[in-house]
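Consider the two complexes below, in which chain A is the common component and chain B and chain C are the respective partners.
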Partner chain A sequence: MTARDGFVQILRGEWTKFRSVRSTAWCVLLGAGLMVLLSALVAAGSTTDANDEPAEPIIADQFHFVHQPMVGDGTLVARVSSQQDTGPWARAGIMIKQSTQPRSRYAAVMVTPGHGVRLQADFTTDLAGSATKAPRWLRLTRAGNVITGYEGDGTTWTEVGSVTLDTLPRTAEVGLFVTSPSTAERVVRRAGGTSVGPDWRLGTATFDNVSLAPASGARPGTWRNDDVGGPVQQVDGTPLAGSATEAGGTFTVRGAGDIAAQPPSPGGDNDTVRDALSGIYIGLIAIVTLGVLFATSEYKTGLIRSTFAASPRRGRVLVAKALVLGVSTFATGLVASLAAFLVAQPIQRGNGFRPPAYPTASLSDGPVLRAVVGSALVLAVLALIGLGLGTILHRSAGSITIVIALVVVPSIVGSLLPIRVETWIQRLTPLAGLAIQQTRTDRFDTYIAPWAGFGVLCAYAAVVLGAAFWLLRRRDA
Partner chain B sequence: MTVTSREGAAATLAEVSIEVRGLRKRYGSTVAVDGLTFTVQPGRVTGFVGPNGAGKSTTMRMILGLDAPDSGVALVGGRPYRSLRAPLRHVGALLDAAAVHPGRRARNHLLWMAQYNGLPRRRVGEVLELVGLAGVARKRVGGFSLGMRQRLGIAAALLGDPPALMFDEPVNGLDPEGIHWIRGLLRSLAAQGRAILVSSHLMSELEDTADHLIVIGRGRLIADTPVSDLVAAASGDQVILRTARRSEAMTVLANAGATVAATGRDALTVRGLPADRIVALLGENNLPFAEVAPHRASLEEAYMELTRGAAEFTAPVIKEAS
Partner chain C sequence: MRLAIRAEWTKLRTVRSTGWLVLALVGGTVATGALATYSVDTSLCATARSCDEDTVRLSLLGTYLGQVAVVVLAALTVTTEYETRLIRLTLTADPRRMRVLAAKAAVVTAIVLAAAAVSVLGSLAAARGILPGNGFTAANGYPPLSLADGPTARAYGGTVLYFGLIGLLSLGVGVAVRHTAAALSIVLSVLFVAPIAAVFLADSRARDLVLTYSPMTAGLAIQATRRLGELPIGPWSGLGVLAGYAAGAMLLGAVVFAVRDA
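Then we have the complex of A and B:
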């Protein structure tokens, strides 16, 4: 007889125990059924108009502008002596613009921290110059409706490009501008509601050697400064105003915003696959109960003595129980998550989650398959945590309460807390395991990577089962 | 008769015994078992007697490796229980008939145990037949009476056809017919050469069943003796005398040096004189008598004698499963 034969016998015995009581069937049906039901309800209660948005690009036109009018042709020269790196597309340069009205026509030559020197016009034209950062000399000339941009090192000039602005009025505003698009999202929680928007930061640049030479020979006027398009607003409504100061010919300009035509939204930002599997929050209660009862029913009745009399090798009994429970709950979970996904998807489509904003999720996509199979894995590991706690505590109610408290409570409490607190709750509690349901990585609530989160959950299971294993061999039965 | 263990070693029934040496167990400040040593020999029914709380169940749990002794050893066929690979083939035990999952069918309750020890599936049907539960094999245990659960527990003990068996209070909850049945079963199992240990807190339950007695009180061994010796010792040399002329008989016998006690309307218990001498004295004095017989103490009396002062609980007796 090999040692493995003995284990297979215990495994068969535990399978007989598992399948031969009614509570098993109840927990399995309830767990799978509730998961599918809740997923369907969540899908039915969530609608989107993502596909109804206009197809035209949204034009952003927000920056800080130090300007004065220039009549007719002329040349503006300035050196950007420094630019703070607030993102690859932060812009500092010189501009000629129809007026200070947002979305009016313009042409500008600028430096950026990540994309070198650019000549941009009318929100869609973008010509690349050299891959140089500040400090850099910039020059913009107007000849009729033709605007030409140059860059230089102070001794030689190179043309970046030229554009024709055919309806540019004779008097246009010219000057220095600074803007800085947001590179991160800001999430604000207020009274339980969550708002997500761009996280604006002011970009700063300094200019010197500023000279304006109208072809008419008229004396340049005085510089004025404005937040074109109004100051940007943070998601909580706080305005973030730009500023400009001048001292001894050096201008320090600060501004935030973007000057570009943004392509139509590439898609909604809901994680529809995760939403379709959200029934797991209810389903897991029945599955955890199943795991807990698999241990505690033996302690409650005293059956555990018959078990350990039939096999004094208690560690093997626990391993066999864990294997039977883990495989069974994984299979149950897989059926439930597949069903939830397949039931919820048509409902979501009917509620507006359609291509192009929401491409149809397919099980052949890696992240989708990971979410569906991962949900089953999460259920299996939660059941194992239940088994371990039941073995340690011998009490059904206490064990079930603890597991639920570790998973469901943090998810409710976390959504009411500041985002930074919730991030750590999501990373450190067993809730992290549900990160495996994520199929998008661009959402603000991507707290932890899918497999890393699942690893956190597995660590909890390892600790609980390890303690159970240790106690089982030490305690009197 | 030979039982082949799964390890391949053949063990004859006559060699298998349950052995306890210097067993000691303490729960907190309570000493449950205090240096207990005894052997359960094959081929006979050994009664394990003591008042509630004397340590009988604790001892049985230690024999089964469920509780770890603080010191001492418990061996089955010379080996600690925890080293047995298919223990149900070595020892069968009924500790607590209530230790069943109420939602599980009787058949499945035995099936998992059989699977644990690699026993053939047909054994389940066989033992159910043996204990008279074949008809309810597919019923859920939750609906069983206490008597049926006792039978199921006995079936579980017999599953591995083991050479040694332990039963903790097996007649609890059984009706008279069930008690009669279990006595016959115990005797026939012993007659097959198995070592049988049966605990009870009531000596009378073992009256006609046990061949040997291990009596404990407060975790200590009080007696380890054949039933016949114990009864003889408790009976002493007393003689029961029935006579209509009780007071005269008392005078005659007392004068002859006997200790006489009136134990009934026409009955006397005489100590200190052999029966033939009593008959002679009564004849000499023309005293008629209905009966002269040596007194045989009941096992209960013998037990009361032994455990006086060793009872964990004094009257009123608290009834609980010990």
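Then we have the complex of A and C:
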């Protein structure tokens, strides 16, 4: 008998033991069944109105405005002496606006940290001036309904552009403004729910040499200041109010928000494929149990001694067990994840997750296929971790507990902690393997790349199985 | 009954796993709670006050891990008897099965409650040491955690009861299925399915429904001390839901125990 024949025999022996135990059937049914069930439950309990949103652009109009009314024509001059860089599109400049009502008409000339001097009007007009940053002189003149913006270095003026605001009333608000769009997301967790929204930061700019000259020769009035569009609100509801102070002709203005027409968002935020496969979190408990029992039940019944008497090369027995378990749990997992995907998808579609906001996920897309097949791979590797722990500990209770403590508990505790903490929990625990279910890379909870995460899980499996292999050869059965 | 309890106590305390599990319960709860508390500070919020962090609940996050040890401890008290066939000897010595079950329940509950009290007090002590350093100071609206405060005492005391009820739930399932791996797999799935589903459910109505009627999430409502109005279920009614599950499992276990051959 050659060595290869011997291994095939061991393999067949392990397969017979595996398939003829009643608990195998229970674990397979429970694992696959619970996975599909939880996926269907999650799909049924998730609705979206992503497709009901209006197609026209959303107009943002929030900034801090130091203003006074100007009757008729006139000129406003100011120098932006400094601007804090809170993002490429932070804006500091001078503006003429129909009123302090948000979404009323306006024209403004401004400096930005990343896009030079701009003349913007009515949310959609955007003319580029020079690529200069603060300090910069700015000038805005009104002649009838024509507003012209200039920039300069204090001695010469260059026209940035001019716009016509045909319904601008005779009395309009003119003044200094500062705003700063958010450049990051803020994630807030409360009472088990997670809210995601823009992370607002106040931008600061200083102005000097401010002079307002109405053509009528009237004396300029006093400056007032307001958060146009109300103070911006952080996602946790905290308002972030702007401010303005004046000392010796220098104005320090702070504000946050955006003045722009934002195109409607191209799609929804949910990773529907991952949601459809979320049942894996419960399915894995039964699959891990299967792996653990495959090792421990032989120790409990004493069968392991006969096994080792029949094939004294214990390492090969473990390899054979791992092969039988890995292949069969992968097959089970593949059936379960395909079923979960196919059951959940129509439910999701019925709950609003449909094109155009949510294009239909197809198994022919690389990431979708990776998620479905990857889920089966994750289940197989977790089963192998169970097998390794069972071989090391000889006890099913301890082995199951350790896997639950490493995989299920961190996923829940992590979801209750700040995102910065959860990121490391998701990267360092075997939970990282579930990153293989991601099909979107633009969500706040993409903690680790799909295959890198799977690699972390495999590293755990390698350590556990390596220890099991080593101990098996050294210890008595 | 006293003899039955003494017998069960002897069986439980002389098994090596009991000591390990009590250690895992206390250590897991306190360490996880302390790490979670350490990882959250007010600098993550716009202002310290706007954090509105439920520091009591935060300090008790270790419950999620500690309860796994309780589930194992309680299930093992019966399933190992079946697996070693000791149960036949037990029932020969004391044929009144309900008395045996009651004695088991009493001993498990007593051990779990005692270990849980230590765990909870350890979590409280750890949080009191850690919180002020992370910005949760009285000046920011977070007075030091104290059991003299009604809701805080309810949260900590209720958590001890929570552990006790989880023990009974697991014991009942253990008696009913008589198999360690099966009992653990079933109890842990039932417990953890809801909090995991809650992470993924996008619909708040569906999420509230799941959180209200599943044993772990309902029972852990007892730990909330802030924004009680946002809870899908009140603290005591939540613990009541868990008690219902525990009673159901014990009833099932009792029926199976009385009817089926050992």
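Heads up, the rule we're going with is that the second predicted complex is superposed on the first by the 451 of 477 C-alpha atoms of A that agree within 3 Å, B and C clash if a C-alpha of one lies under 4 Å from a C-alpha of the other, contacts with A are read in each partner's own complex, and residues count from 1 in each chain.
As a working rule, a residue touches a chain if its C-beta (ideal position, glycine included) is under 8 Å from a C-beta of that chain, and two chains touch if they have at least 3 such contacts.
Because the structure is predicted, anything quoted here is derived from the model rather than measured.
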{"item": "Which superposed partner A:472 touches (first chain B, second chain C, both, neither)", "value": "neither"}
{"item": "Contacts of A:23 with chain B and chain C, given as first, second, both or neither", "value": "both"}
{"item": "First (chain B), second (chain C), both or neither touched by A:448", "value": "neither"}
{"item": "Touching partner for A:308 - first (chain B), second (chain C), both, neither", "value": "first"}
{"item": "Touched partner set for A:420, first chain B, second chain C, both or neither", "value": "second"}
{"item": "Chain A residues touched - chain C or chain B, whichever exceeds", "value": "C"}
{"item": "Contacts of A:48 with chain B and chain C, given as first, second, both or neither", "value": "second"}
{"item": "First, second, both or neither for A:457, with chain B first and chain C second", "value": "neither"}
{"item": "Residues of chain A that lie at the interface with chain B and also at the interface with chain C", "value": "23"}
{"item": "Chain C contact footprint on chain A (complex, rising order)", "value": "23, 26-27, 30, 34, 38, 41-42, 44-48, 190-193, 234, 236-238, 240, 270, 275, 278, 281-282, 285-286, 289, 292-293, 296, 300, 351, 395-398, 400-401, 404-405, 408-409, 411-413, 415-418, 420-421"}
{"item": "Touching residues (chain side chain A, partner chain B) in the complex", "value": "1, 5-6, 9-10, 12-14, 16-17, 20-23, 297-298, 301-303, 305-313, 476-477"}
{"item": "Complex contact set, residues of chain C against chain A", "value": "17, 20, 24, 28, 32, 36, 39-40, 44-47, 50, 52, 61, 64-65, 68-69, 72, 75-76, 83, 179-182, 184-185, 188-189, 192-193, 195-204, 206-207, 209-211, 217, 224, 227, 230-231"}
{"item": "Touch list for chain B against partner chain A, complex", "value": "6-7, 61, 64-68, 81-85, 87-88, 93, 95-96, 98-105, 108-109, 111-118, 156"}
